[in-house]
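The following pair of complexes shares a single chain, chain A, combined with chain B in the former and chain C in the latter.
Moving on to the complex of A and B:
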C-alpha cells in the first residue's frame, strides 16, 4: 500500500534516478513474493496433515532459483533469531510467541533446504561451555576452601575492614614461612640427631651435670628452659661434633650449618619474591578508580548469597567498604591551615623522639644494672627477669603514647599507621639492640670463663693420662661429673627462647586482660553504672594493628636470630602462630570494635614486608658476626673442636669432594675474583635501577595520557549534549523544523518536503536488505527501528548528524530537484 | 497463555510432532522418560529451552524449586503449569531472593502481571537472566531495571539513596550518603544530565570486574 503511494508520488515528480527505479522494482517483486508466501502459508496451514517431505517437494517445485536463495536466507535469519532468543530482553510471553512463529516457519521451509545440522553442534557447544564454566567455578571454590582460615579472615574483613584483615593475612603468610623453616630444621637437624646420634647420657654434652641433677626436673627450672630441656636436642649444645652419624653416614655438623644458612637464604628469597609479586599485582590493577563508588554500589551484592549469616556478613562488609572509600574521599577533599599543621607535625615528631630516647636510656640502664646483678649469688625473681619486664612494659605503654601524640598530626589513618609502624619499629629496635649488646657482653664473659675451664680440663685430662694407663680413661669418669664450659651458644639460644616465651605470655595476657576482661566489664557492669560504659570512657578496645604487626615482625626477628643456636625455637614459634591465629581471631570478633575510621589497607602488604625484610637483615647481622668471629665452645655443639664454625665447609670440601673442587673454591674465594664480581653486581644494579626508573616515567606518562583521553571523551559527550540543545534552538528558529541551511531554503520546496516526510521513511524501510523482512514481519514493532539505520549520506556534512538529520538529508534530493546543482551546498562550505 | 495454546494444538495430533523432535534432534527420549514426565512437558521443554539458557534438566530442577514453594497449588507434573500463578510473597521464599536486599524490586521486574503474581515462565525467565550463560548486555539491562526503583527509566539520586539504605542498612550518616551519591553520579553520568541512563549504566557496569559473577544465581 505504501509502495503504491510512493509510486504515485514518484510518477508525479518524474525525476527519480535509475537506481531508485531499480530498487523499487525489487521492492515490488519482493512484495509480490511476500504475498505468494502468505498464500503458501495459508495452504500449509490447511494441509498440515501432509508430511513434511511432500511439503518440501512442493515448495521446491514452486520456487525459482532466486526465491530459493531468499527463503534460505530467511530461514537462516529465523534460526539465528531462535538461537539468540534467549539473549533478548523480552517478556517471556513475547519470546514464546516469536519462538513459535519462527519455529513454524523453519519447520515449513527447512525441508527444502536440508536439515539443521548446526543445531546439534550448537547444543553440544552450549553444553560444554556450561560444564566448563561450572567446573571452573567449582575449582575456584575448591581452591578457596584449601586456603587455611580464609573464611575466618573474610569474616573479620567484613566487620573490621581490610586493614585488620591485612594483619591476619600477614600472620597466615608468616605461618606458612615458619612451617617450611620448621620442616627444614626438624627434618634435617633435630630428628636425625635424635634418631641416629648418641643417646642421652652417653657423653658429657648430652648429660645434665651432677650439680644440676637434683633440680633438673623441677618445674621452675624447666620453665626457664634449664635442666633436662637445656641438655636436649632443642639447643645447640646437645649436638655432637662427630662428622658422620648413623648407618647413613649423615653429616650432621654440615647439615646443621647448611640449614642455618639455608633458612636465612630461603627467608630472604621468599620475602623478596613476595614483595616483587605484590608490587607487580598492585601495579597492574593499581588505579581503576574511575567507577570506584559505582561498582561498589551496583556490583557489591552477591546474588548467590542465600544464607542469613553470610548475608549479614555481606551487609557489614559492604558498609565497611563504603566507609573505607568515604574516608579516602574525604581525605582527598581536605584542605586546612598548612602552617598549623606543619607546626603540629614537628611538635609530634619532637615528642616522639624524646620518648624514644628516654626508653632507649631506660633499657641501657637496666642492662647495666643486670650485669651488676650477675656478680651476686642469689637473685630474686624480679632481678632475674628485670630486662624482660622492662621491655614488656615499654612495649605496652609507649605505643599508645605514640598514638596519642600522632593524633596531633591528623594524617589519613593509612599514612598514620605507616608512621606509627616506623616509630614503634625504632622503639623496638632500640630494645633489640640493647638486648643484643647485653647478650654479646654475656658471651664475651662466658668465652673468658670457658678459656679457663678448657685449660683446667685439659690439665686434668693430662694428669689423668699421666697417672692412669691410656686404655681406660674415658669410662673412669661419669659424663655427669665431667667438668665443662659454659657453652655460650646454648646460653644465647636460651636467652632468645626465654624472650620469645615471655613475649607470647605478655601478648596473650594483654589480650585477656586488656581486651577480654575489659569487654566483660564494659558489657556487664554497664547495667549498674552511672554513665554509659559502652560509649563513654572505657568502651571496648579497637584492634591495635600497628602493635600486633610489629609484635609479629619482631618475634620473627627473634626466631631468625635464635634458631641457629636453638633449633627448637622454631617449633615454639609454630605453636605460637597457630594459637595466636585462633586466639586473636576469637578475641577480635568477641571483644573488639571496629575503628571509628575504618580505612582501606594499601593494595599490597608490601609495607609489612619491607619491615620484615629490614628485620631479617638486622637479625642476619649478629648471627653472621658470631659465626664468623667467635670460636665455638670446645665441649658442646656440632662445631666443637674447630677454630671457626664455617670450617665445617672447608672440611667437607677437603674430605668429601674431589680435589679440583677444592681448588676451584680456592680460586673463587680469591679477592681478585670477588672484587670484580661485586663491581659487576653494582653495575648491574645501577643499570636495572636506571631502566626501572625509565619505565616508571613512561608508565606515568601513559597514565596521564589515558586520563587526558578519558577527560576529552567525557568533554566531547558533554559538549554534544550542550550543542544539541543549541541546534534544537536553531531548528526551532526555522519554520517546520526543517534542517536545511537557511541560504538555500526555498519555501515551496520545503512544503513538498514536509508532505513527503512519511514517504522517505518508507523508502528507507525498503532499502533494507530483503533478509530483514522476515524479522519485521514477525515483530512488526521493530520495523520502524530498523528503518532508523542511516544509509550513507550523499551530501557533505560538516556536523556529525544524528539519525533524524540524516533521514532529512536523504529525503531532500529525492523530493526536491536533484538536477539543479546550485541548490546543493558546495562541499566544505560551512552550513550555519 | 501462548504456551497453553501451543500445547493444545499439539494435543490434537501428538504423533505428528515426533517428526519435529527428530529433526531438531535435541534429545532422544526413552520410553521411561516419556512415561515419567508425560509427552506434553517434553514439548514444552523444547519451547522453554529456546527461550532460556537452560537445559531440560535444569528446567525440571527449577520446576521442582517452583513447586516446593507451594506444593499444594503447583501440580506434580510439569505439563499444565502455564496457568499456575504464585504470589510474589511465596516466590520470595527462595533463599537467594529472601536474603537479597532488592528482592521486591527484582520480583516486580520479572513478574508480568500487575496482581503481584508470577507464573512459572516468569520464574524461569528470571533465573535465566541471572544464570551465568546470559550475555552481558542482557544482564546489564535487567540490572538497570532492578536498580531503577521508581521505574522512571533513569537511575536518579533518589534511586541511589534507596539502594544505599538497602545495602548498608542505614549505617551511613546523611552526609556520607550524599557524598556517595554525588560520587556515583560524577563517575557514571557521562552526558551530564544528573541521572544515569541505560547507556551510562551499561558503559559503567560492563567495565566492572565482578558484575558477571555477582549478578548471578546458581540453580
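Moving on to the complex of A and C:
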C-alpha cells in the first residue's frame, strides 16, 4: 500500500517535472538549470543527488532526470527490503539471494544519489567506465589493424576462396615464427659476436686465406657466399672458441649451442600448440552445419561496407562461399558405382606408387653415377649438375602427373588436395634425403682431410716452438697464411644457404615466367590468335596450393637444418618470406584465375601443420646426428678443440655451477634412471591416448544422438498434417490407452461399446462421441485443444452444456475456444 | 555537452521517447545530431532520398529494403520520433541483473531484432519468406555469373534446412530457429549506442 502511494507520488512528480522541463526548454539554458535545481530541491526532501547538479558535465550526461528518479526510487526500495528481509517468510536461499542482489544494487547506485563528494565520485566512475569501454573498443580496432597483411589476405580470399587464402595465412604464420627465431639467433649469437668478439683478421679463422684474397670481393664469389661472406659472422667457422668474450664475460659457445637447441625447442612447441589450438577450435564450431545455407543467406552481408570497391569484393566473396558450399553439397550427395570407384582409386594409387618408385630409382641411379664421376678429374657441366637437373625435372613434371592421375579418383577437392600433398611430400623427401646423403659423404671426406691438416699444423707448431724456444711470442705468421682445415661445418652451412637461395630464385622465376609471362601472352596475343586463348588451351594459371605449401614447408625444413651451421640463413629466410608475401599476393591477384572448383579450406590448417611437424622432426634428425657423432673442426667454430659439440654443456656445469649440480647431472644421466623415465613416458602416452579415444567416441555418440533428435523433431512436424492429430495427442497423453484410442478412430461401433465398458476413462470423456467419421475429424481438433489446454474457469461457469449438434456447429468455426467440451456427458449417458 | 542540451531542447516529447526506447539523453542527442545531418533539406523530416545518400546503404544489396523498413505504410517522410523508435531496435542489449520478468519486452530484444531482419526478407508481409522472396534476395546478393540453376538449388537447400513444417516457406519461428546460434545481440547492435 505504502509502495503504491509512493509510486503514485513519484509518477505525479515525474509528470510535473516533465511539464516544467518542457517549459524550461523554451527558456534559455542557464535558467533551465537553475529552475531544475529549485524544482528538485522541493521535490526531494533529502536534497540528495542531482539537486547539486551541474557540478560535473559528465554526470549530467550519464544520468537523465527520469533515470535518476527511478534509480532513487529503487534504491530506497532495496534499502527497505534489506531492513525487513529478516521478517519475510521466505526460504533462506531466496533471502540470501535477494540480500546479495539488493546490497549490490545499493552499493552501485547510492553513489549516484549521494551528496557532493559521493556523487562526484560516482560520476567519475561512470565516466571512467565509459572511457574504458571506448578504450577497449579502440584497442580492439587497433589490434585488428595491426595484424599484418590482413586486408591483402581478405582481398585474396574474396576472389579466390578460403583455400588460397589459407596458404597466405600459413605464410604469415611462418613469418611470425621466423621473426622470433631470427631475433633469438641474431640477438644472442650474431650481434654479441660482432660487438664483443675479436675483430676480423685477428685470428686465422676470422681471415680470408691468402689464396682466396684476390677474388674475395668478386661478385661471382660473393654470390656463391664465398670470399668475405664465408668468413663472417653469418657462418659457423667465424666464431671463436673462447669460453667467455667481452667485458660481460658472455659465454658465446654455450649461447651458440643453447640457441641452436632452443630454436628447435621453440619451433616444436609452437607447432604443437598451434595444432592443439586448431583442433580445439575446429571441434567447437564443427557441428553447426545444420543451417549452413541459411546463415550464409541471412548473415553474410557486412552492413558496415560503404565503399563500392569493398562491396564488389564482398559480392565476390559471398558468391565464392556459396559456390564452396555447393561443391560440398554435391560431394555429399554423390552416389555412383561403388565398385568402379574403388577400382579407380586402387588403380590411381598403384600408378602413383609406380611414379614414386620410378623417381626414387632415378635419383638413386643418378647419385650412384655421380659417385663414379667424382673419381674422374675433368667433368663436363652436365656431369657436374646431373643430380640437380634430374631433381628439378622430377619436381617439375611429376606433380602435374600426380594431379592427372588423381582425377581418376574423383575425390572432393579438399581431400584430393591432401592426397596430392602427401604424394608430393614423398617425392620431395626423396630429394631432400639424397641431398643429405651427399652432404654427409662430403663431410666424411672433409673430416679425413682435416685430420691430416691438423697433424701437419701441430707438427709445424711443434717444430717452430722447438727451434725458436728463446722467443716467448708465438710465431708471427700472418693469419691469412696460416694453414687451416676445410671446416666442414661452414661447408654444410654454405650448402644449405646456396640451396635456399637457388630455391628462392627458382620459385620467383617460375612465378614470373609461368604465371606472369603466360598471363601477358594469353591476355595480349588473344587479340590476334585463331582460337580463344583465355578459355582455350593455355588459359591463365590457377594458383597451385599444394605446390606452394610444400615449397614453403620444405624451405622451412632447410632453414631449420641449416641455421645451426649458418646463423645468417634465418635472416635470408626472413627476407624471402617478406618478399614472397608481397610478390605472391601481387602475382595471384594479377595473373591467376580462381580454381574452377572453388572449395573451402578445412576450418584449420592442421594438415599443413602436421606436414610441418613431420618436416621439423626430419630436419631435427640430421642436425642431432651431426652434433652427437662428428668431431667439430679443430680450428674453426665455437666448439673447436672439443671432442664433441655438446661438451660445452658439461664444461659449463663443471666451471660455472656449484659442484653438487654436476653430481646431480651425473646421476640423472645414469641409464638406470633414464630407462624407467622413458618407460613412464610411454605409459603416459598410452594412457592419454586411450582416454582421448574414449572421449572421442562419447563425443561422436552424443553428436549422433543430437542429430537424431533433430531429425525426429523435423519428421514429426512434417508428418503432422498427414497423420491425424488426435491420434498423436492421445498417444502422447496416455500411452497405455493408445490402443484403445486407435481403435476408436477406426471402427466406430466397436468403439462405443468399448467406451461403455470403460465408462470412467478420462480420455473418452473428453472426446465427444460422434455419430459419423467425418464429424469425428472436425471434432478432433476441438478435442485436441481441450486435451492440451485446460479450459478457463469462467467458461465452465457461464456456459451451459450445449446440445451435441449445436456444439459441432459452434466448435467448427472457433475451434480455439475450449470449454464446452469437457462438461459434456460421456456417451451412453442421458443428455439433458 | 552544451551542444547536447541545445539539441535536446529542440526535441519534442523527449521524455516519451526516452521511456519508449530506453535510450539515454546523451544517445538521443547524438541520434538527433545524426538526424539533422541526414536531413539535407532542413525540413525536420527525412525522406527516402536522404537515406539513399548514405554510402553504406547505397552499396548494400538490401539497401532499398532497409530504407523501406524506415517508411512503413507507404509513408513518404519520417519524423525524429519514428526514426529513434526504429533505431531503438539496434540498441545493444545489456544483461541486466535486476531485470523485471514482468516488464514488457524491451524494444531492443532479440526477437525484435530478428523481426526487423525478417521483414527485410518478407516483402509481401505474409509472415513467411517464400521461395520467390529468397531467390530475389539471392539475385541481389550474388554476382551475375551464378546460373539460375545454382540460385534455385541454393534456395531449395536453404528452405530445406530451415523449414520445419514442410510448407516450403520460412516462417518467423523457423527463421528464429535457424539463427539460434548466431550472436545476434552483437551483430545487430550499433556500438556507439552502448
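Methods note: the second predicted complex is superposed on the first by the 546 of 832 C-alpha atoms of A that agree within 3 Å, B and C clash if a C-alpha of one lies under 4 Å from a C-alpha of the other, contacts with A are read in each partner's own complex, and residues count from 1 in each chain.
Rule of thumb we're sticking to: a contact is a pair of C-beta atoms (placed from the backbone, for glycine too) under 8 Å apart; a residue touches a chain by one contact, two chains touch by 3 or more.
Note that this is a predicted model, so its numbers are computed, not measured.
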Once chain A of both complexes is superposed, is A:221 in touch with chain B (first), chain C (second), both, or neither? neither
Would you check which partner chain A:101 touches, where first means chain B only, second means chain C only, and both and neither mean what they say? second
Touch check for A:650: first (chain B), second (chain C), both, or neither? neither
Could you say whether A:292 touches chain B, chain C, both of them, or neither, answering first, second, both or neither? both
Touching A:82, do we find chain B (first), chain C (second), both, or neither? first
Quick one: is A:322 in contact with chain B, with chain C, with both, or with neither? Answer first, second, both or neither. both
Going by the contact rule set out at the top, does A:126 touch chain B (first), chain C (second), both, or neither? first
Between chain B and chain C, which residues of chain A are contacted by each of them? 133, 137, 290-295, 297-301, 303-308, 310-311, 315, 318-319, 322-323, 325-326, 329, 714, 717-718, 720-721
Residues of chain A touching chain C in the complex: 18, 21, 25-26, 29, 32, 57, 60-64, 66-67, 74, 101, 104-105, 133, 137, 288, 290-295, 297-301, 303-308, 310-311, 315-316, 318-319, 322-323, 325-326, 329, 713-714, 717-718, 720-721
Given the complex with chain A, which residues does chain B contribute to the contact? 1-3, 6, 13, 16, 19-20, 23-26, 47, 50-53, 55, 94-96, 98-102, 112, 119, 121-122, 124-125, 128, 130, 132-135, 137-138, 141-143, 147, 160, 163-164, 167-169, 171-172, 176, 179-180, 183-184, 187-188, 190-193, 201, 204-205, 207-211, 213-218
Touching chain A in the complex, chain C uses residues 1-2, 4-6, 8-9, 14-15, 18-19, 24-26, 54-56, 59-62, 97-98, 117, 121, 134, 137-138, 141-143, 145-146, 150, 153-154, 157-158, 161-162, 164-166, 170, 175, 178-179, 181-182, 187, 191, 194
Which of the residues in chain A come into contact with chain B in the complex? 48-49, 51-52, 82, 85-89, 91-93, 95-97, 99-100, 103, 107, 110, 115-116, 119-120, 123, 126-127, 129-130, 133, 137, 290-295, 297-308, 310-311, 315, 318-319, 322-323, 325-326, 329-330, 714, 717-718, 720-721
